[in-house]
Amino acid sequence: MRKYLSFFRIRFLSGLQYRAAAWAGVSTQFAWGGMSILMYRAFYRVNAEAFPMEFADLTTYIWLQQALLAMFMAWYFDNDIFDSISSGAIAYELCRPCDLYTMWFTKNVAVRLSRVVLRCFPILLVAVFLPRPYGVSLPESVAAGLLFPLSLILGFLVLVAFSMLIYISAFYTISSTGVRILATSAVEFLTGGVIPLPFFPGWLQPIMNALPFASMQNTPFLIYTGHVNGQEAMRAILLQAVWLVVLVGVGKIWIRHATRRVVLQGG
Amino acid sequence: MIELKGISKTFRVAKRNAGMTEAVKALFHREYTLIPALKEVSFKIDEGEMVGYIGPNGAGKSSTVKVMSGILTPDAGSCIIDGRTPWKERTEHVRNIGVVFGQRSQLWWDVPVIDSFELIRDIYRVNGPSYQATLKRLLEELDIGEIVRTPARQLSLGQRMRCEIAASLLHDPKILFLDEPTIGLDAVSKIAVRNFIKTLNKERGTTVILTTHDMSDIEALTERILLIGKGQILLDGSLTELKNRHSKLRRLTVDYAGGSLPAIPGVKLEGDLSGHATLSVDTGVLSVSEAISKLSSAVEVTDLAVESQRVEDVVVSLYKEFAI
Amino acid sequence: MKLYFKYIGMIFRCRMQYKSSFFMTTLGQFLVSFTTFIGMYFMFDRFGAVDGFTMEEVMICFAVVLTAFSLAECFVRGFDVFPRLIRSGELDRILVRPRSVAFQVLSSNMEFSRVGRLLQAVVMLVYAIPRCGVDWTPDKILTLVLMMLGGVMLFSALFVLYAGISFFTIEGLEFMNIFTDGSREFGKYPLSVYGEGVLKFMTYVIPFALVQYYPFLYLVGRSDRVWYMLLPLAAGLFLIPCAIFFWVGLRKYQSTGS
């Protein structure tokens, strides 16, 4: 565990070194969030009735999404992992006395967290001071405020657990690019990265909500804004936990199978 | 041909400090340090000369080469190459020069080398017949005729370097800048590259400026060396002259039989291993021939070799002398 | 010009060495813009129209922006990845060759996989052109072509600006994505959707509205000012200050070597 902490520290420090990059990143995301909100405002003006949530809740959703982008971005992959699989260097990793799955998982968590820590506070800080309904508002209720962190962590872990499957799939393909590209655009869309899931057509909603992708950024953000509350929130969190267990389970079994293949075939 | 007068250049570099608090501070405020890269650099190189440009890392070698090839504009001073100021008349100037950056490739990685050559021909607007002639000569002299149809990525380092050199000479430049041309090469390739450069300089009269860390390159190729340290030219002279002036010591290796070596004033025994001895002779005290005759009168000398000091040693002592 | 085509051929042959990777990237380019389109479709499915524009009209607008962006990204890629040229020392190589820097940068890189995005644009055009209610008289066709042309010039100008900035800061460059990727992403809707402030900014600071919004109004018949159709050409003038900026940056590079 200690090595991951120091790894996290180094990432964070090197992130801080690049001050212009940090400022540029924050302002880019800020502008991005702002433009998205203006776009939804135009639709809201067309027909407020058809809007699936309060406008202020949507803006909160968008600011959270921007602030926590590094946690939930589908397109981030650790290229070292892909390289070590395709070059066969993975065989050395297998000799080490640590569990490959856990190692990759923790590394991914550390990289994403170190990025998010640097960027989320400035964005949220500015967004808090924007006038209603354009800024970020406090959690809908005390319960929402309490459930949000739990759901956020679960959602984050579900996403990382899913991305682990993409890494493992690289054991079975010659080039991982194809799977990566497909997975990235599918996850980005199904998770609500293109438009939030409540904006999907009604008939699609039940299907979307059952998929693991809804358990990523969608659930915590909707709990925060109170769009999902009470019993429903508990059920959503439970579903997140189930998906986490399932995805980690599948990943662990799969990686055992995959690595056995490497050992048998010598890469 | 090449004349630099009082070239100076200072860089501004941002300070980066370690530690969390320093990193946070740097988010808001950053300090800069001024680093003088070149201080009043002046020298003159005649047409057809071959010059070794040496100095430790960060001494200003590549800055000088960048100034001479028109990539870098100095703060002060003048540089006239073939009647032109490189950074003022870039396009005309670079037509006359060839540059080999030892650690970067100008060949296209994925296509046969000859295709890269043809593109370079078009970039330099070399006309058909003279391109054919130059190409034929280069393929022959660098012995790359067999490999130019192979993609660059499949070549060994030595093969690739020979192709790089050919690529830089397709437009038949009057001046060739070589930046570490033998870095990472095996002994055979090194010799091939050196021989080619020598011929190029001798037969085509191409002016060659060579920067390197490899002293054997310098020894094999150049008569004149320029030593730069901390942005200043410390020494400009011929290699032999330098060796002579700098060190009065000669190294003597002797194989002998019968008896033991006598103690001679001015001769120091560096090592003696069952009839094979290394001695250093201080030519300030006695001449090498005197030393030899004294030796052979005491023991039976079966074999003997005289060396002057190696360039490496000269350069190391030079670095020490100038404290760089 | 002949040399430019040689470069194109060369880059194309290099890309074809890695065919599967090329096709995958192309597919990825298509998928990303396809999901964006599906998102837009869902929004119109729910709301019917935005700011008085129908979905078919907006699709034309989106297709124009996408076409312009992918063409610019394909052919002006050298400026888009310019920081890489500086870092790898490729720029030094360019400087020791007797051709103009701009030409060499332009020919140094091309990204053909952007046809994936172009494909999405073509699909939308094929669908929307007969359905958007525009009477396709020659002037309307010309407007559409000019919008695309102006768009290519504008995005090229932004890439040149981006390259120019990279002479001064590499780290701060991400900021420029607001204008490049942002214009592509948010340019799918006519700019008035984002309100007066954005529209003004995009008219007077970065003349994106001159290729996307005003001629579009003329195209769909919301405005009958014929001169709107020529505005994309004016937007092309934006290349001039960007090129000057790049040139200043290059001068700075030559004086600091960094």
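As written, the chains take the letters A, B and C, and residue 1 is the first residue of each chain.
Basically, contacts are C-beta pairs under 8 Å (C-beta built on N, C-alpha and C of every residue); 3 or more make two chains touch, one makes a residue touch a chain.
Predicted model, so just to flag it, every value in this text is computed and none were measured.
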Chain nearest the global centroid, as defined over all protein CA atoms shown: C
Most distant chain from subunit B by Cα centroid: A
Between subunit B and subunit C, centroid-to-centroid distance (C-alpha), Å: 47
Euclidean distance of C-alpha centroids - subunit A vs subunit C, Å: 29
Inter-chain centre distance, subunit A versus subunit B - centres from mean C-alpha coordinates, in Å: 54
Two or more partner chains touched - positions in subunit A: 19, 23
Subunit C - residues contacting subunit A, complex: 20-21, 24-25, 27-28, 31-32, 34-36, 38-39, 42-43, 45-51, 169, 171-175, 177-178, 182, 185-186, 189, 193-195, 198
Of subunit C, residues touching subunit B in the complex: 2-3, 6-7, 10, 13-14, 17, 88-90, 92-93, 95-100, 104, 251, 254-258
Subunit C-touching residues of subunit A, taken from the complex the two chains share: 18-21, 23-25, 27-28, 31-32, 35, 38-39, 41-43, 45-47, 50, 52, 174-175, 177-178, 181-182, 184-186, 188-189, 194-195, 199-201
Subunit B residues touching subunit C - in the complex, by the definition given at the top: 11-12, 63, 66, 69-73, 75, 87, 90-92, 94-95, 97, 99, 101, 104, 106, 108-111, 115, 118-119, 122-125, 151
